[in-house]
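Several structures are given next for inspection.
Here chain A shows up in two complexes: once beside chain B, once beside chain C.
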Partner chain A sequence: MAIHERSLVEPERIVRKERLVIDGVDVSGDWNLIILPRVINDYDLDFAKEIINSPDGKTINQCYQCSYCTASCPVHNYWDERYNPRHFIYLARLGMIDELQKRADVMWRCVSCHKCTHRCPKGVLVEEVLKVILRTMAKKGLIDEYPSKKFDKFFTESVLEYGRIEDGELLFGWIEKQGYNVVKDPILKKPIPFLGETPEWLKQLVMKPIKSMNVSFLVLNAKHMLFHPRTKNWNKFKQVLRKVMQEEGALT
Partner chain B sequence: MAKGVLVIGGGPAGLGAARILGRLGIPTILVEKEDRLGGNPVLNHYHTLIPRKLKPEQVIGPYIKEVESNPNVQVKLKTELSACEGEPGSYKVTLSNGETHEVGAIVVATGFEHFDPRRKGELGYGLYPDVITNLELEQMFSKEGRLYRPSNGQLPKRVAFVFCVGSRDRQLGVTNVHCCRYGCALSGLQAMEIRQHYPDVDVFCYYMDVRTYGTWEYPFYWAPQEQYGVRYVRGRIAEITYSPADGRLRVKHEDTIVQRPSEVPMDLVVLVLGMEPSAGTKKVAKILGLAQDPDSKFLVPSEESGSNIISNKPGIFIAGACKGPIDIESSLSEGEAAGAEAAAFVGAKVTV
Partner chain C sequence: MGVIGKRVAYYPGCSLEGAARSYDVSTKIVARELGLELDYLEDYNCCGAMESKNVTFMGTMLLNARNMSLARKQGHDVIVAPCNGCSFSLQRAEYFLQTDGKVFERVNSLLREGGVDPLDKIPETYHILEWFYHEAGPQKVKEKTKRPLRGLKVANYYGCLYTRPHFYAKTYAHAGGQEEEVRPRRRETADDDEHPYYMNALLEAAGATSVEFEPMHTQCCGGPHSLSDEQVSEKFVMMILQTAKRNGADIIATECPLCHASLEMYRHRLMMKGVPDVDVPAAYFTQLLGLAFGYSANDVKLKDNLSDPLPVLKRLGLA
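What follows is the complex of A and B.
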């Protein structure tokens, strides 16, 4: 049997039975298809209030759903039309969390071009508001964190520890975090490039510049990988920085 | 001495007309079927008027005071027009108290009445005590000065406004296909008043589109959302039901932006009523032979004159809500315009 407005019904709501008997009556045939109700029974206003009350989410109340932002959005227009800033605002304002979660796979895809914010006729800071929605959802465990967030954390940790990053460690340490089997030297426990598993794209990415480097530069790089360079007098600063970041809740 | 003018209706438009006629020194008879002047805003105890957020006594009070004290104006309360004969320039009018008068011109300001929401049975008005009209909400504010659920006297946690009850509705027949013009703005104002005094009460406005036209856009549509956090949900409420389990109402609708059916709990539901021509308007139109809109039965101005207060009968002028939905302040100024036209018609010579 055809389903009216099929695109609106999630597959898990559609129940088909080979044979269906209700109250002793065999209704198999055309009547063996059931769509579980899609009724919205309530709004989650606590969720909505958390967004509205956050400093960068205040402008969400100014939206009048003209969809200027969505029409301007490159992600919506050229990647996936399920990415719809206007709609996310409406859903967040009424606290329709299940509808937001349905779009969890596309919600992190903002490219921060800020066209929405620049063009909004009501002065909604669309890009900021969407980040607040995502942040609030992630905080409440309603959406998985965007994968790039893991890299950000690794990067921050490296900077915090040494005051600067080291390219080789960042790359191969990150590869290790991704689950690749990296071979380490027995004494300093630093990853040795290309001995263990290395993704093909990384080999291509790194081999080309290495081939064109002179020997002294390669030696310097190898030395840095073994003995991580540090910023002068970093230890004291590190302690202060960590303390401040902890107080601000920036270290999670 | 110029002939007198009869003004029918003691609401904003009638008061506007009577005041200007009195000021111009024209003998004027003002008939009002109720026992006091002021019309709907005063008789029905409106709380705050759009668009200037003034009280009825601030806007209409000065008019009533001047009309009652001006010796040129005779106010006849509990009186209606019962018959009219004669020709333009000398109409012989008979009033319901038996008096007859000869007047040079007539100003019709017979106004509107609120839609009766019992005609929309699916909205449960009269069945569930917590479904009230926006008029009753105004009276709740103006008479008792507090917000409560009529069923238990408690403060509601959530209030819903249902737009366009009795407006833009072909189901009621061709008589109610027009827009009430004030509803969106008044709902915004009432929602703001609720949020201002009870910040913990969540207010929802269920709309199809919001028609806060002209300069009303910011104060009555943006301000409720931006400053007071009133939530606008797109979808027309199709049914209101009651759940004995939690004692709350359910508003049934489709959220047309999310494209999902919804049955959301509410504690107090406010129906935003449309406007219909009053019984007096229909009666006067029959007696005087005035042209009416074939659908809504509101009075329509003459096509030849260009002016929107000149009727199809020479010497008869129409002003205010008898011609269709209009806000109170425009109604006052239409009355004043009609009064001035009537004065010119009866040949008043005004010297300054």
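What follows is the complex of A and C.
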């Protein structure tokens, strides 16, 4: 198959020579650039099928590669040009897993702003499709753990356990997962914001309501940190939720 | 106007009962002043926000279907959520439940299994800003304003998911791509999709001046990655704050607790790094409306805002 995607041409496959004679014809000068042929035969066609079969990924086949999503994408425009939603959809549909894997370090960077989905002229749920691609890759073990997935799982587990989330626990729990040494009290195992090596900005932010003597705010949040807010009658529903998530392979 | 209903189910979301308490309190104040009634959704659960949906599809459908079922039990057809993430999640579930019969059936049987009433009808979700605009409107806000926000230059920050994507928020009728029955339709009450103006209109009715803020008014703040992808979030927030400051804004008005927290957190970090032009404070639009309606800074809990908008408001004699 011909390569018609410029970014699929690896730098080492581009050859430039000072003097080049082919079949007795001197092609030096502007004509001396050669792209070495490349054979691809490991298309994983089941990969696209799996995406199409999921309810949130089935619009992937409507894509006609116009690149409106990429043009709208803030991560592409303001952060890293290698983040290219159109290209990821292209690769996923072809089943070129190795090419997706080469971009694993930027693929997770989607901030879910939905500009792509909103503007797509073909009605592709682009953001959902990209997340399904990532989810499927993770499920098949084709991609290493990435920061946003760690956070997503951490968040979802908190929802599953209590029915509600709590900002303080989320913040300090995440800091701890980042490798900071968060000190917890011995009985309730709750983080103590002022001890341990919390980052400086977080310490200063925690100090703000204390400095302004905002007592009711402090009491409310301390109460929530000590006694996690819960949804009543959650247990039976939790079982069903856990079962569904296990079916999808979301809990490992 | 008046097509949504004066009495609706109120889904505050987890954030508003904790760190974003000020948004909850000021929303209730504004609703009461405007003659609208919020019926608290008893025993709700988290919507899954932007995080859970990346891990599990059916799980988020179930989480939101449970909330919808609770709203139906309380006799409501309309849910109002003040958070972009919550309204997005509910609207997303609404979209898939309506367009995918298989998902709907599966969700209903799972709800029954989990001891929750199955859905007889799928309630519609609105963002609270849309509801305020359509059930009360700028005219009513003008009537109720006792202390106009004169001289206050506001940058109205809408965030991503208030108008996007049109499939869920119903802000835009799309022509192409999908089959007739699943093709989205524009909701009559919906805000403009690329140039939202409801918050501008309400705050201007209360006497404030809106500064030019496009296209940063719907630029992402980092959203679900505010904690997991610090570099990108920091850059996005820097762009938002600097645009606001350089366009002459005194304050940024927000309408989502996640955007608000992200702006405040990164504002602090950027200031620590000595980045110029990022010192614009943020306040919820309901807090500003509350001030205009004659409530004190303490009533709308302005102290809760970590970016501390009090000095700016005091300078203009508004708090």
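To be clear about the criterion, the second predicted complex is superposed on the first by the 128 of 252 C-alpha atoms of A that agree within 3 Å, B and C clash if a C-alpha of one lies under 4 Å from a C-alpha of the other, contacts with A are read in each partner's own complex, and residues count from 1 in each chain.
Keep this in mind: contacts are C-beta pairs under 8 Å (C-beta built on N, C-alpha and C of every residue); 3 or more make two chains touch, one makes a residue touch a chain.
Bear in mind the structure is a predicted one, so any value in this text is a computation, not a measurement.
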item: Touched partner set for A:V124, first chain B, second chain C, both or neither; value: second
item: Partner chain in contact with A:W174 - chain B first, chain C second, else both or neither; value: second
item: Contacts of A:G29 with chain B and chain C, given as first, second, both or neither; value: neither
item: Greater chain A contact set [chain C / chain B]; value: C
item: Chain B versus chain C as contact partner of A:K208, first or second or both or neither; value: second
item: Partner chain in contact with A:Q62 - chain B first, chain C second, else both or neither; value: both
item: Touching partner for A:E99 - first (chain B), second (chain C), both, neither; value: first
item: Chain B and chain C footprints on chain A, overlapping residues; value: 62, 122
item: Touching residues on chain A, where the partner in the complex is chain C; value: 54-56, 59, 62, 74-75, 78-79, 109, 111-115, 117-118, 120-125, 127, 131, 134-135, 147-153, 155-156, 159, 163-168, 170-171, 174, 200-201, 204-205, 208-209, 212, 214, 217, 220-221, 224, 229, 231-234, 236-237, 239-241, 244-245, 247-248, 250
item: Contact footprint of chain A on chain B as seen in their complex; value: 202, 221-222, 225-226, 229, 231-234, 255, 257-265
item: Chain A contact footprint on chain C (complex, rising order); value: 14-15, 17-19, 21, 43-46, 48-59, 62-63, 66, 96, 100, 102-103, 110, 113-116, 160-161, 163-167, 172, 174-178, 183, 193, 219-220, 222-225, 227-229, 231-233, 235-236, 239, 261, 265, 268-269, 272, 301, 303-304, 306, 308
item: Contact footprint of chain B on chain A as seen in their complex; value: 5, 8, 37-43, 45, 52, 61-62, 64-65, 87, 90-91, 93-94, 96, 99, 122
